[in-house]
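Okay, so chain A shows up in both of these, paired with chain B first and chain C after.
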Partner chain A sequence: MKKIFTGFNLLVCSFLLAQNNSSDLGTISGNFQSDFQYYIRDTLIDPSGEADPDERMLGTGFLNLTYSRGNFIAGIRYENYQNQRVGLPAGYNSEGITYRYARFIKDRFDVTVGNFYEQFGSGLTLRTYEERGLGIDNNLDGIRMAYQPADGVTLKAVIGRQRNYFDKGAGLVRGFDAEWSLKPTLGWTGNTNLIIGGSFVSKFEAANDPELNLPENVGTGAIRVNLITGDFNIFGEYAYKSTDPNSFNDYIFKPGEGIYIATSYANNGLGVSLGFKRYDNFFFKSQRESDLQQLFINYLPSLTTLHTYTLPALYSFNTQGNGEMGFQGEVSYNFKRNTLFGGKYGTLVTVSYANSYSLDKDYKLRPRYSRADTTIIDSVLRGSQGYSSSFLGRGPYTYFQDLHIEFKKKLSKKWKATATYYNFVYNNSTLIKGASDYDYESVGSEPDIFFVNAGVLELLYKIKSRHALRTEIQGLFTEQDRGNWALLLMEYSIAPSWFFAIQDAYNYGNPDEDLQIHYISANVGYSFGTTRFQMGYGRQQQGVFCVGGICRIVPASNGFTFGVTTNF
Partner chain B sequence: MKLYIPLTLAFLFATSLAIAQDKMPAIKIKDLNGNQVDASTLSNNGKPLVISFWATWCKPCVRELNAIKDQYIDWEEETGVKVIAISIDDSRNSAKVKPFITGQGWEYRVLLDENSELRRALNVNNIPHTFLLDGKGNIVWQHNGYIPGDEDHLYELVTQVATGKKIEK
Partner chain C sequence: MKKLIVCSFLFSAALMSCNKIDQPLKNEYGFAPLPDSSSKVVLLEEFTGTSCNNCPEAAEKARELYETFPGQVVLLAIHAGGFSIPNDKHPQDFRTQTGNDIYNFFRPQGVPSGMFDRSGHPDPGAPLFPSKWDAAIVEELNKPAVLALTPAFNFDETKKELNLRTEIVATSNLPEGDYFFSAFVYEDSIVAPQTLEDGVSIDYDYVHMHMLRGSFTGNSFGESVVEGTLNNGAAYAKAYTIKADEKWNPEHLGAVFFLYDRNTYEIIQAGSAHLHK
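== the complex of A and B ==
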């Protein structure tokens, strides 16, 4: 990797020097981000000290450089984690170049050599992406080619190995995707378009399991259709995966399936969206055994709202790739100004419901025989055909349910308000503890379910030109888990440079009286051009990061933070 | 890796005259009808163009675009400026973008960068991130984050660009 990079860098430099006499040297741009945290031992939130890092101070840094000249783009990213910050997966504890590529785009051709990100359809067969705050980067290192043989037709082919922290996954990933947008090809006029597409992705990983005859090549295929008219949008994708025994599905020999449908209607202030998902044994990773978040080849849209207010975000949903079904419906309407509900400035109301529940699984365990005779010793899931399930059958377990209603309104020239009510049903055993349906079934237990109500009122008050005060008042109420919470946030900002924020999250309802504590934090930010500094001090409550099918608990911490980001 | 720093410095030095992205790259994104749009072709007929990266779940982004919405008619009338809002919502939320903007009542052209390809090519770390392009398609200013009132500063710059003044980066 070092050699490749050095060679690549030399290539770029010599290219630049060779071009030195020309007036167009191309441009270089980039960004830089760094975050530090100094931890203070806090015996209230962490009595045993297990979450308290030995290093006292930890930092991360990222530098992206992008060079472009005409049709040529090249870039690198340097990352360092000294050491991994509290809350990031343990593998992020090193430094190096994790991303470097050269790309050439000309006419109908687009070729990338090196690391790249790609998505086929909605991601059911392949999606590589980076979300560094969550510790996600599954980029492919290899070759990507895209070609447009005619207007509206796009063909893509990729091959490579995936990033796994500062290393690569064991599996080789190969993919092909074709998409045909009929409107430009057939010269349709008007708003209607029909887009059809298909993809095939396979992985190869050598196998030498002493007990099981594991397939070394695993393939997935998908077809998709998207019909767009002026107001309606209907998207559907179906994907199938050949038998893929791995550590995330208990090594069952069963094909997988994924269905994702998203439809919407939008016209004249009314927006409606309806979606359906069914994922059955559909995690797809390029290595049979890997860390939870690493080496995902595909991406399964969760079809739930991503909540960003602090307290509602404590109960985040995440896709259950081993088997789940659910739907989401959302309606928003903008009541026009000068009407009964609209008032002087109009009112936006959104109602949203989503759920997720288990598949109707009928287990087909594998009997294991004693060596001496044919007596059955036990029956196991590992190496079996797993289960059968009826297509629309609803299983016994609810994983998640989210109902929320939001009102958004400009009250006057100076005031804007948003009020939201939330109701969650949250299966903590499945979503956080990672228990499978089989875990419940095999011992006859029931999952822990949390019933949660929450409300958030956000007020924005424009004090005078460029000065504003933003307030969030949040409450969360549940008889399970950590009990009730109240939160107050005040943020004073002076455009275009400063903001000051103070927040108190008070876990007053914690069943453990010692943990009925205030999580207070204060932050100051300063922006100058494209550079932003932020520093703060505070006690951070335990949180949840959910991504790629996995939820991760981020332990509570206490300390100073400092961050800087810049673009150039 | 030891070679990395000197080489990169040499790399930077060799290009020291041309730092900062000055044009939109030729990356393909999509419009709400599923048509591919080459980002390098985005323009506003010689008038200033504001390009704002946002997502349905990003509250400051929505606040910024709503603040601009309140004044957009005047902005357009006085300077001819247009706003293009590029959503980085991934497939989890991209189907909701159209109903969302209908609810917000935005009249901007909205484009989808579903796997953040353009965002990466423009080195955008976090959203909201706003670019200002002059009439020739040069990126003359960019800004990260939004605090209430930023839109007034942006509009001052738009006015300067519209009248042909050079602005400080």
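== the complex of A and C ==
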């Protein structure tokens, strides 16, 4: 790692020396984030002590530094996990420079060497990104080139290996993308544009499986179209993947497919969006065996609403790359002020529906033989053709359904209100426990489905200039899982520096009376300039995180937190 | 120049490829080849739990390996971690101090997972998920057998005591190391509820096998045999007596034992013995 850091220094210094006849030395900018947690033993929510780390206090830190001068940019990111905080994958337990790059842009040519993030289209073939809170960073370390041979035409090529914690994945990723935006090329006037694109991404990973002839090169290709007019936006992408047996699809020898369509219309206060997705055996990772969320090459848009209020977010959707189909429709209308529904200040009403269900799979297992006498013992998925499915055929299992209706309204000069009702159908076996359709069929059972109703009322009261009180009143009601919840949040802010928040989430309907407890947290934050400090105390509930049938419990914890972010 | 760059992009795209596989299986019946070595014995420590829905499949996988490589695989099912905490549907607590210590020391990233001879430690991914077990067992079995472990194992009905004596003989020269010996009690055929693959169904008559019950050495990581080199022919013996818990069924008890290097925690040779086999 020292070599990398020294290399970065040399790179920047040599560039500066080569340019020393100029008075412009460029600029350095950066940002810093650090979070600490002190853990308190809480036998009520963690009787086994699993989430009670020996270290008592754990911390993480991130520093991004970017140097830029003219058409040259270079940067590094230092990360430390000392040690991995409760809930993060065990691989995040080290420190060092995890991201460094140099980039120049000249004559429509854009070159990056080192680490980079990239996305082709909607991400069906390639998307590398960082989601720090979830422990996701699948950046590529290699070379990225982009070139614009004509106005509106962009060609991109990438090659590299992906980050895997503080190491790299075994697979080599190669990708190419072409996009043509017709409006600038053909000189169209008006507000209509048509963008067409195509991409191809392949990975190489050596194979030495004792039983199976695994493909070492796996490729995926996609075409996409995006039509934009004044009011309409229609996007569609189709992707195909060659046979890719891996641990997430039970090593089946079946090609994959992905379709993602998103359309929207907006005019005169009315907004409508419609979307469709169908993912069939379409997880694409650069290593056949890897941890949970590590080493994904592609990204599958979930086409569901990401809820941010605490209680509705307990039942979040988890995209099913091994096979799912779904639809999302949303209509919003802004009733104008001084109308019957709009009142004095207007009212925004949004109705949204999304669902996800299984594909119509017809499994094609292969026989497994006895080593002693070669008689058939049973049938297995591993090494088989997997299954066949009709294109629009609906399978027997509902994974997820979300209907929510939201009203946003300014009540007076001092009051604003948002009221939302939620109705979820939540397949806990698939989405949380990672059970596959085949698991249900082989055991002859049905998945565990939760039926959930929830409501949130958010009130914002402007007390006086710069002083405001925000209140959230939440309720969640279900006869399954952990039963009913109530939540009250009060947040007092003094712009632009201070905020004070206290929250009580009360699981009063837990079927286990001992767990009908209050999860209380309190936080205070202070900002000055571009720096922000935050500290708090809280009790965090237990959850389970599953991907592909392997589950990791994110244990309950209790303790003090302290965080700081700044940039310069 | 422009054409050259465009052609370079297109050429790079053409170079990327994918392989077409006509025959997924390497041979007609899909058998993995047997390893060269015939006397190396590998310990599979399997982290499991009664609430873990993917664990029955992993246990089945472990059983397959046990049967595929007869006499060369020793199994130990360690109930530890969040999925082994008793609850309304799984009231029995199968956790042990030894199991908890091993779980907390090797910190598996998920359950089910397993270690083959504890190889790979201290890599956080050393406890492998079941999809990696096929390759791992072959790799471990292909290592040379450099030790012979010969047990004598019996149960004293009167005193309700288990006696285990193990002869350790080096059959090759072993390099400098800090060699430790560990021995555990396991129990077969325990009938108790187990969550099944779908995450919903519970098999109330599930038969748990090779379940870790306790330690012969009175601790979780054994005791020292020798620090230094082990020459071909060097011999040691370790003997232990422990009280059998009244909940254990002597008909189903067995012993798992092994020698390992404390510097790496990698097991050099393992063995097992059963009271009634």
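Just so we're on the same page, the second predicted complex is superposed on the first by the 541 of 568 C-alpha atoms of A that agree within 3 Å, B and C clash if a C-alpha of one lies under 4 Å from a C-alpha of the other, contacts with A are read in each partner's own complex, and residues count from 1 in each chain.
Quick note on the criterion: contacts are C-beta pairs under 8 Å (C-beta built on N, C-alpha and C of every residue); 3 or more make two chains touch, one makes a residue touch a chain.
Because the structure is a prediction, the values reported are computed rather than measured.
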item: First (chain B), second (chain C), both or neither touched by A:460; value: first
item: Touching partner for A:105 - first (chain B), second (chain C), both, neither; value: first
item: Which of chain B and chain C A:85 touches, first, second, both or neither; value: neither
item: Which of chain B and chain C A:97 touches, first, second, both or neither; value: first
item: Partner chain in contact with A:195 - chain B first, chain C second, else both or neither; value: first
item: Comparing the two partners chain B and chain C, which touches a greater set of residues in chain A; value: B
item: Which of chain B and chain C A:161 touches, first, second, both or neither; value: neither
item: Residues of chain A at both interfaces, chain B in one complex, chain C in the other; value: none
item: For the chain B and chain A complex, residues of the former touching the latter; value: 1, 3-4, 7-8, 10-12, 14-15, 17-23, 25-27, 32-36, 57-59, 63, 90-93, 95-96, 98-105, 114-117, 120-126, 142-145, 147-150, 152-153, 169
item: Chain A partner contacts - residues on chain C that touch it in the complex; value: 2, 5-6, 9, 12-13, 15-21, 23-26, 29-33, 52-54, 68, 81-83, 85, 88, 107, 109-113, 124-125, 129, 131-132, 134-135, 138, 196-201
item: Touching residues (chain side chain A, partner chain B) in the complex; value: 2, 5-6, 9-10, 12-13, 16-17, 20, 25-31, 33, 64-68, 71, 73, 78, 95-97, 105, 117-119, 121-123, 127, 129-130, 154, 181, 183-184, 191, 193, 195, 226, 228, 233, 235, 260, 262-273, 275, 299, 301-306, 308, 330, 332-334, 346, 348, 350, 460, 462, 465-468, 470, 493-496, 498-499, 525, 527, 529-530, 532, 565, 567-568
item: Touching residues on chain A, where the partner in the complex is chain C; value: 47-48, 50, 89-91, 93, 109, 145, 147, 149, 155, 157, 159, 165, 174-176, 178, 200-202, 208-219, 242-243, 245, 247, 251, 253, 289, 291-292, 366, 368-369, 371, 374, 383-384, 428-429, 432-435, 439-440, 442-443, 445-448, 512, 542, 549-553, 555
